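Just dropping this structure here.
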Amino acid sequence: MKNNAIWWIIGIVIVVGLGYLIFNQPNKTNDKKSESVATAPVAPKVVESSEVTIGWIGPLTGDAAAYGIPLQKATMLAAEEINAAGGVGGKKLVVAYEDGNCDGKGGAAAAQKLISINKVQIIIGGTCSGETLGFTPIANENKVVVFSPSASSPDLTTKGGDYAFRFYPSDALAGKVAASYAMDTFKAKKAAVITANTDYAQGLHRVFVESFKNAGGEVTVDESYNSGTTDFRTQALKIKNAKVDVVYIVVQLPTEGIALVKALKDQKIVAPLLTAEILIGREIAKNNKDVLEGVIGFEAFFDEKAEGAAKFTAAFKAKYNEDLAFPFMQTIAYSEGYLFKEMIEKYGNDGVKIQAALAKLTDWSGGGLKNMTLDENGDVVWKSFSIKKITNGDVPSIGVFDMK
Amino acid sequence: MDLILQLISNVLIPGLLFALIAAGFSLTYSVTRVLHLANGGVVIVAGYGFYTGYSLWHWPIWSASLLAIAIAILTGLFINAQIHERMREHGIVSAAGMLVATISVLLIIQNILLAIFGSAPKSFADLQGTVHEFGPVIFTDHEIRILVLIPILLIIFILLLKKTKTGKALRAVADHEQVAEVVGIASRKMRMLAFGISSFLAGIAGILFAIEYNLDPSMGIMITVRMIFRAILGGVGSIGGAILGSLSTETIVALTGYYWNVSWVDFSSFLLTFVVLLIRPNGILGKKKRIV
Amino acid sequence: MIIDFIIFLLVLFAIYGIAGLALNLTLGWGGLINLGFMGFLSIGAYTSAILTTEYHLPVFVGIIAGMILAALISGFVGILIRTIRGDALAIILLGFNFTVYAIGLNWNSVTRGALGIPGIPRPEFFYDDRRFLFLVTILLLLTTLFLYRLTHSSFGRVLGAIRDEELHARVLGKRMFRVKMIVHIVSGALAGLAGALLAHFIRFIDPASFFIHQLVFVLSMIFVGGLASVPGTIIGAFILTLLPEMIRVFVNLPSDILGAIRGIIFSLLLLLVVMFRPKGILGTVELPSAYADRE
Amino acid sequence: MLTVNKLRKSFGGLHAVDDVSFKIARGKITALIGPNGAGKTTLFNLISGTMKTDGGSIMLDADDITALSIEERSRRGLARSFQLSRPFRNLTVEDHLLLALERDDDLFWRNIFFKRETKTEKHKHLREVLDRVSLDAPLNKPAADLSYGQSKLLGIAMAMIHPHQLMLLDEPVAGVNPVVRETISHVLRKLREQGETVFVIEHDMEFIMPLADEVIVLDHGRMIAHGTPKEIQQDPDTLHAYLGAQL
């Protein structure tokens, strides 16, 4: 019986010790309730040092690394250029990169580390919506600004709290654009939709189906495949037999997108193929010239030829000698570096002040972007979308579609 | 009538590819009792070997394929020699331990490929060839290659097992290792041979798979999972079972995909395996020990 | 302050400690290779998340409901797999994991599919990380005590007998099916508890949070810590939860292959442990050989 | 005590047990002999429930146990040892004996809340049983470390300690050294003195003939003789079955 007693004592000591250590602290509940109660000491303001640190979170492992790594390279380039040009108000800009591996737990662990150890006030990232939603609660409680370059789920800004912002259009917009383009340009009555079963793709899918039906169209085939599917011959056959006017494809991973389009082309489907951003990446279009020929993609309008964006594309090519895999997302990740350079120079590295400034951000230009305005939710009011059509390996813009 | 023909054609391409992979898996399982989950990794290693040869070094197809197959066989033999044989020598043969070991090897292979080749997808658009119509059914050049090559390979493989001396030795070891030892068959050599043949099949499947479905490092896990269910359905340890299991699963996948929704495809193929296993615990053709 | 990050990690350690004990109960003590384990965590997490966000029930009701549902489904699975043995059993349970993943992904009306469930509330009284840590530590201590008593009693002896030689145990009159059902239900309940706690701590879940990679994580915890050993599981949970995060603190070279290297190190560690130290640090048990049911 | 009536079991075409009927009297040692492959172990498996019967019935005293599961038959008082003794690899000698002794050790709630059994008087009882089979291994020794002979003795000790009316011993002296053989024959004599009913499969004629009160001879699944050792030794069918047996 002796060692049993010992175990009991250890257990009780732990419980009492932890209880005392914890319960003499006020219960740091979420902002709304705890205003009256003296909040727990918020992370002390950054002590004056020769460096300014901001955080970056994105997937560096697993299949989502296909997005995380290109975005990381874009932010790295921005940080390098800023430091070469004298840094942020004379101080060296340091970006702490953390792997959120595209899931809630990973994002939360990365953010907790950045906030409590690197004491960041700004986090550029999460790449995936799930990853970002994993750490918006922590960021809000610690009054740290979250700025995602690519998360598209509507929940991010509606449920992400006051400290969540993004330049990337919420799915709500891109889905509407594709639907109205299909109706106006192709007079489509019957549409087929095939989507990846991921947060990004399902967001676009839901909004497209809604707006297409509201506009009087009919979605005859509505398929969502699990990631990792490789064979699409049966779906292509189903779509061919449905004889639709237009096919809306939303993929998460380019590999699956290319295989899907190939299966559709093999079945000699003549209906126009509409898609979102992933498949009209420059590298992907170049490598799969004939498979993706004629695919029309929609991307929030940003003038690639504008001198800021062109400079970035050239600088990226010079540093990494590869083209931009996702021009739009990478340009945002790059431009966010400059946005926060300005913010810190104006308001200091302080989450609360910067959040207030961002809430009222209007017509900001910098990096590769021009006149960006944030609405009350922290979303960008994208008025126009560029329509790009893949023609023998190139992705020229064939027009701009203005939202009514 | 066209629809049925088209659906059958949809079954054949993935069905044959996975039949090749599952046949190799069943061979290694019956001879060495190892659930070789890393076989999915060997498949994509072959795919990347072909990519290196063909796209990076611009070798002709044939030499790139030989390179890919050689790498696949070396990987398979290395895995068996350094991990499974070593574990047997240490007397560590718990089923759980071996299962965890093969899963770790699969993840290691994927991460190594991710580090070397990056995460961007690799594709071989120019090798897929033009589309041909055979009545309602449509096949590209590459798919015809698959339709012709794999059945021949499988037939040769089964004949090799049934007729040749080494084939009999393999089956003896599969049947009862100790008895085979008594009769003078070096069971260790046979186990290595089993891994070699299985990796050879995985190598060819890897090349055909990469050309047909493109390539990225994270495909290994999904290939492995699909391979296991097809092999178990057919009866683990029986090559004929692996082929039958693969084709019947693809039929269910095609039917679910066409008449219901593609999101439930994995679920329905798993349900099929589960139901069959409840009725026949050793799978359709599986006996405890039979190979073919 | 570093202490916040430490507290965050300690909460994860406690939650995964409970999950590790649940898996060890079936694998280490029961000899059942439960590759469908993450499915039960997912059931616990989703039940609690849906009840607390959709129907606004109090958090503790959600957690208990999650435990009960996970336990019931685990018992049901126990009945289904009654006649299947050996490797096919491990693979079928892996299939169960896929079933739960596919349902989570496609039953959009209930689980919001791939969009996951954000905004899962924390319990009122244990809101911030420190108080949550207190809650989960208590639960971990209770689980440890409960499992210690269970496995060091005659029930544990019977379970060990069934693990080592099923037929021999039945010949001694041990009601095997009843014992296996109890293990399924208890392990399911504890897995449901761990899943629900994770959901309320991270406050966001999606189907991908309970997929194969997490299964390998929990498996390596009990293989490193030790099969069929309560203190071993706790140590395994401690090492596996804190070690990778500690590397994150001290090693942050922003190269893009850092992620892949971390993946390799993790799987290599598990492989080496399984090959050279199959009993793990404190393990006491040698699982039945893969050739056992072949002769 | 045990009544077997028209028992049948066949694997494909082979009739392992073909229409066998016999009775075993209480308090007697009955031996089951016959050439290899006569169906002896199959008969044991049918009685203990490890194999399903193809026909016929098995009665233990008054109750019909033909349809009962292995566990149920064991709990009704059937103790069995194995030909290839199969100890529980990770458990100790003490565990083995306690597993054989206790009936309700697989209950869940009882084990969580009630105090665990007091060690002392249990140990005395276990030690005493071990001494009866003169197995001097310490109680906490892992069974995996026992020698073949010791694990055979442990198998018999477990059969004895298990609450039973009938003991089925499957070739208790197969492959053991002479010292252990002598111990086991001594144990069997003591069992008979205590009025135990024992049903033994055995090949070793010198060992079993002096001990057995009755002998049943099995050949190709059929019962060809049943009587006292003396009758069996002159029985023409038995001699024919063994073809120049060494009697």
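Think of it as A, B, C and D in the order they're written, each chain with its own count starting at 1.
Going forward, contacts are C-beta pairs under 8 Å (C-beta built on N, C-alpha and C of every residue); 3 or more make two chains touch, one makes a residue touch a chain.
On a predicted model such as this, the values are computed, not experimentally measured, just so you know.
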Contact network partition after chain C is left out of the picture: A, B | D
| item | value |
| --- | --- |
| Chain D and chain A - chains in contact with each | C |
| Nearest-to-centre chain - CA centroid comparison | C |
| Greatest separation from chain A - chain, by CA centre | D |
| Between B-C and A-B, the pair with more C-beta contacts | B-C |
| Distance between the centres, which are taken as Cα means, of chain B and chain A, whole angstrom | 37 |
| Length of the line joining the C-alpha centres of chain B and chain C, rounded to whole Å | 30 |
| Distance between the centres, which are taken as Cα means, of chain D and chain B, whole angstrom | 48 |
| Centroid spacing, where centroids are CA-atom means, of chain C and chain D in whole angstrom | 42 |
| Shared interface positions of chain C, touching two or more other chains | 102, 105-106, 259-260, 263, 286, 288 |
| Two or more partner chains touched - positions in chain B | 111, 114, 221, 261, 263, 266 |
| Pairwise chain contacts, counting only pairs that touch as defined | A-B, A-C, B-C, C-D |
| Contact set on chain C toward chain B in their complex | 27, 33, 35, 80, 83-88, 90-92, 94-95, 98-99, 102-103, 105-106, 212, 216, 219-220, 223, 257, 259-261, 263-264, 266-268, 270-271, 274-276, 278, 286-291, 294 |
| Complex interface listing, chain B residues touching chain A | 3, 6-7, 9-10, 13-14, 111, 114, 118-121, 123, 125, 128, 131, 138, 140, 209, 212-219, 221-222, 253-254, 257-258, 261-263, 265-266 |
| Interfacial residue positions of chain C with respect to chain A in the complex | 1-5, 8-9, 12, 102, 105-106, 108, 113-116, 118-119, 124-125, 127-128, 130-131, 133-134, 137-138, 141, 145, 148, 198, 202-206, 208-209, 213, 245, 248-249, 252, 254, 256, 258-260, 262-263 |
| Partner chain B, residues of chain A touching it in the complex | 61-63, 65-66, 69, 194, 197, 222-226, 228-231, 233-235, 237-238, 241, 253-255, 258-259, 262, 265-268, 283-284, 287-291, 325 |
| For the chain C and chain D complex, residues of the former touching the latter | 146, 149-150, 152-158, 160-161, 163-165, 167-176, 178-179, 182, 228, 284-286, 288 |
